[in-house]
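Each in structure tokens, the structures are laid out below.
The following pair of complexes shares a single chain, chain A, combined with chain B in the former and chain C in the latter.
== the complex of A and B ==
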């Protein structure tokens, strides 16, 4: 049973690496969705005995992260005319090497953190590496939609980290977090759409300047 | 008896290696709906080439003549430390996997020197590309073997593959799966198979390995073709040892299973070549960095168990 959970953990890390090398925005959205689904199924694999409440919760996560979020994000991408590439600020090999370095650092950190024993190997390093991969997506990709993706990846990482602490979490807390993330993605989807209508682009490097000031500068 | 068996295994590897390109070609022909060349085609080619008189350019020196022989000698030596079906090789000592990697590097170095010695800009281009991709492939291979040494607890090739049992697949399946993927990518790149290089292409802009051996003829070309077959055998047998660890105690059953796994690896290469297109030249390092990432992850997993 635990070997299966370990395979899932490895799969989560491979998805992190895939996110670091993928240049296509729609593939990125699907990879994040796949990671959310896999992370959502993890408690069922690690928990051992079957519980209806856990199954219900996993079903909610899989529906939201696997179907609703990708649909919202793909819709936001199409409506905002974000194009097809993620347009990274650093090269893809550099992203992969950063991810690997993050995994080495987090496996060192994970061995030093005073956490209760989990039974599933690599779950703490994997969650920390996933959080780092989310930060990488946020900082080194220029589009606003990849920032939303980065937050989702961070949420996946935090969720896996929570699993490392308690295999079974309080239902209300998790549902509240899930609702928060849902609202966040929803709002960001709308915000990206409106930004793109207002500014003709969703490049975050350009968003640091005020619209009126630019307009005055160039006399448009 | 203790000497005969490793020797017989070594000779079997030498005799069976040219079979693998034939298997790959037959699989590709099957996917294309053709009958394809005979499985033993490379044996015929080697026989034909060995009877021909080599032609040497007037600008080439002894380096060009020595290149193919030196590269073949290095590969023959590399095969001496390679375990057969997880059993001990003719030579085995601690750290012999480093020797294996260096012998592969020496074989490549001899081929590249011979290519540069012709003075053709075209061959120099191929040599440069070969070296560029080796820079990415070698760390992946080295880290993978290191992870395997950690998993088996031995520092010699025979020891680490001998220690591989189905039990290790049960407890460390992710590590071995990552290593298999990494070795397979390295096999494709090192043997100039499709996603990295097309062995059938003769388009100047995209050739890598083929362009380096354009000026060799006769027995020299036979040496190079046979060396390529040996290299393919080397990587395929490493993968076969990882995928199908020693199960039964019997010598014959183990050997038969191992040969099946090696032929299966060759068939897998053929399938990959049939269903995939070549990568763009600029994307090949990405593929090899993926292999490096797999090996590094396997090593980290193994260390933090």
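== the complex of A and C ==
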């Protein structure tokens, strides 16, 4: 029964690698959405018997991550006049190499951690590698939208990690966390819109007026 | 009672978005703050009367939201601070309405966010912080702390211009990503208790602490510490803090520094309590001590050569968060010192930020080098500015002095001479760095600027600051019995 879940895990890892090489912003948004959807479906595939509570929650995740977030982010991209490209600070091959390296390190770490046996192969390494891919997006891509995408990828990774550890949170807590993620993306989307209006770009590398050592000139 | 404490600001916040009349909305803010404080005072009173059998915290109960002494202490700080802040905010908003818009530093014209949004977010922010202090579940605690980030972000972006936007973006992203690590930590904590069936309920975790898986618990603590430490502003995760504090309106800086950082500290204390109960007090304490001292050092180094007085106050907050972490890490009596420090730092720093708002109104600049002879232009403001300096650096008698002294005494008593020596040296450095700034700004001489009008000191901005300063002074001289027992009970609940 776990074969399907393992297939999904492989898919999640492939999506991490795809995110590392994709240069198109809209494709990135869709890849992150796809990852969120398959991660949301994972508990249903691995769970065995059908539970209405799990199905309901998975439905909420799929709607939010698969439909609402991409819609919000694509809208933010159009409204802010962001270009089509993600404009990485390092080359795409370097991004892929870093991602692969992270996956190898996660596999080693996953085998070392005294975690409960999951039954689903590769789930711990996949979740850690996904978290790393999120950090990679935040640190090596310059646009504000890609940083939001990175945040979402980290969140996907943590969600899968939670599944791997069998940590069952009460529904109220799960919903509160999901609501936080939703509001976070919403507020960040508004901020992106304001950044594009104030600065005529959404390149966060240019957001550098505030610092301690150039204070006297206020960046002028 | 707990429910009313959370629901009151929640409902008022939602209502504030709908009220169109400015005066009515400001009254709503004042009344909600006063009522919230009254409810808090009643809860504390109930605890003081009922002692251990306090009905709002049934031992072993599975309530989502309930108060133990530690949560109660932080609720008290938050509510008192918000009461002062609400009075300040009303005067501030009235002033902004008359005279919106010209940037104090670069001279460009900007708009403010709608006042309804500002007041609404302020009240919702209070609701989220109240929920943080009451959360009895680690997952829920995480969700509420993240909610405080999201609700305070619009507050930092009240003045709509480039610099505040940059600060808001950094705040949102660094805190959201940092705090995501705390979620990882909560999951590790859940995994550590899987065999013992401890769950993530704080009472359950404490009760079943002996059965927790040790390596996983260590991992959990590290992740929780880094996550909440980012929010608390401990170095080296503090990078968002000076930007956000310097660009936000003074009242928001006061709430961030005095209330929000404490909420994150509460998250760390919850994790620390679980570690102590499981026999990992040395490990967790070591981590807290190390990063606490590192924060004090970082703050001292950045304090020297600081050019912006609101940033200087922000670095002083990093220093005090370091002291809190240090005190909690040393444990024993130092924990009491740390909690007393949390109370007195909150009041003193909020008062200083309030005063900084009046300084900014008088001088129209945040550059230290451009503010000279404040005592001539605004004597009352200058007097409070100087008083705040004496209180925050911990000259006796001040609550801050008492807390620093207790932490230092515990370090010496434990025979950790190098730690005590380093702590004292960097405190001296901080004192010297801040003294120079405050004295230059208060005294000194400068030529009158072109077209400068005489400055009418805004009593609405200064009164809350004066009240807070008086309380800090009182704390150093006389600790009421109920507060003493609350602090002791909270220190026992935070760590052993």
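Here is the rule we use: the second predicted complex is superposed on the first by the 206 of 220 C-alpha atoms of A that agree within 3 Å, B and C clash if a C-alpha of one lies under 4 Å from a C-alpha of the other, contacts with A are read in each partner's own complex, and residues count from 1 in each chain.
In the analysis below, a residue touches a chain if its C-beta (ideal position, glycine included) is under 8 Å from a C-beta of that chain, and two chains touch if they have at least 3 such contacts.
Remember, it's a predicted structure, so these values are computed and weren't measured experimentally.
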{"item": "Partner chain in contact with A:67 - chain B first, chain C second, else both or neither", "value": "neither"}
{"item": "Dominant toucher of chain A (residue count), chain B or chain C", "value": "C"}
{"item": "Partner chain(s) touched by A:89 [first = chain B, second = chain C, both, neither]", "value": "neither"}
{"item": "Partner chain in contact with A:125 - chain B first, chain C second, else both or neither", "value": "first"}
{"item": "Contacts of A:55 with chain B and chain C, given as first, second, both or neither", "value": "neither"}
{"item": "First (chain B), second (chain C), both or neither touched by A:17", "value": "first"}
{"item": "Footprint overlap on chain A, where chain B in one structure and chain C in the other make contact", "value": "none"}
{"item": "Of chain B, residues touching chain A in the complex", "value": "170-171, 173-174, 177-178, 285-286, 289-290, 293, 296-297, 300-301, 303-305"}
{"item": "In the complex with chain C, residue positions of chain A that touch it", "value": "113-116, 131, 135, 138, 144, 147, 150-151, 154-155, 158, 161-162, 165-170, 172-174, 176-177, 179-180, 183-184, 187-188, 191, 194-195, 198-199, 204, 207-210, 212, 215-216, 218, 220"}
{"item": "Chain B-touching residues of chain A, taken from the complex the two chains share", "value": "3, 6-7, 9-10, 13-14, 17, 21, 92-93, 96-97, 99-100, 103-104, 107, 110-111, 121-122, 125"}
{"item": "Touching residues (chain side chain C, partner chain A) in the complex", "value": "64, 105-106, 137, 139-140, 142-144, 146-147, 150, 153-154, 157, 160-163, 165-170, 172-173, 176-177, 180, 183-184, 187-188, 190-191, 194, 200, 213, 215-216, 219, 242-243, 246-247, 302, 306-308, 311, 367, 369"}
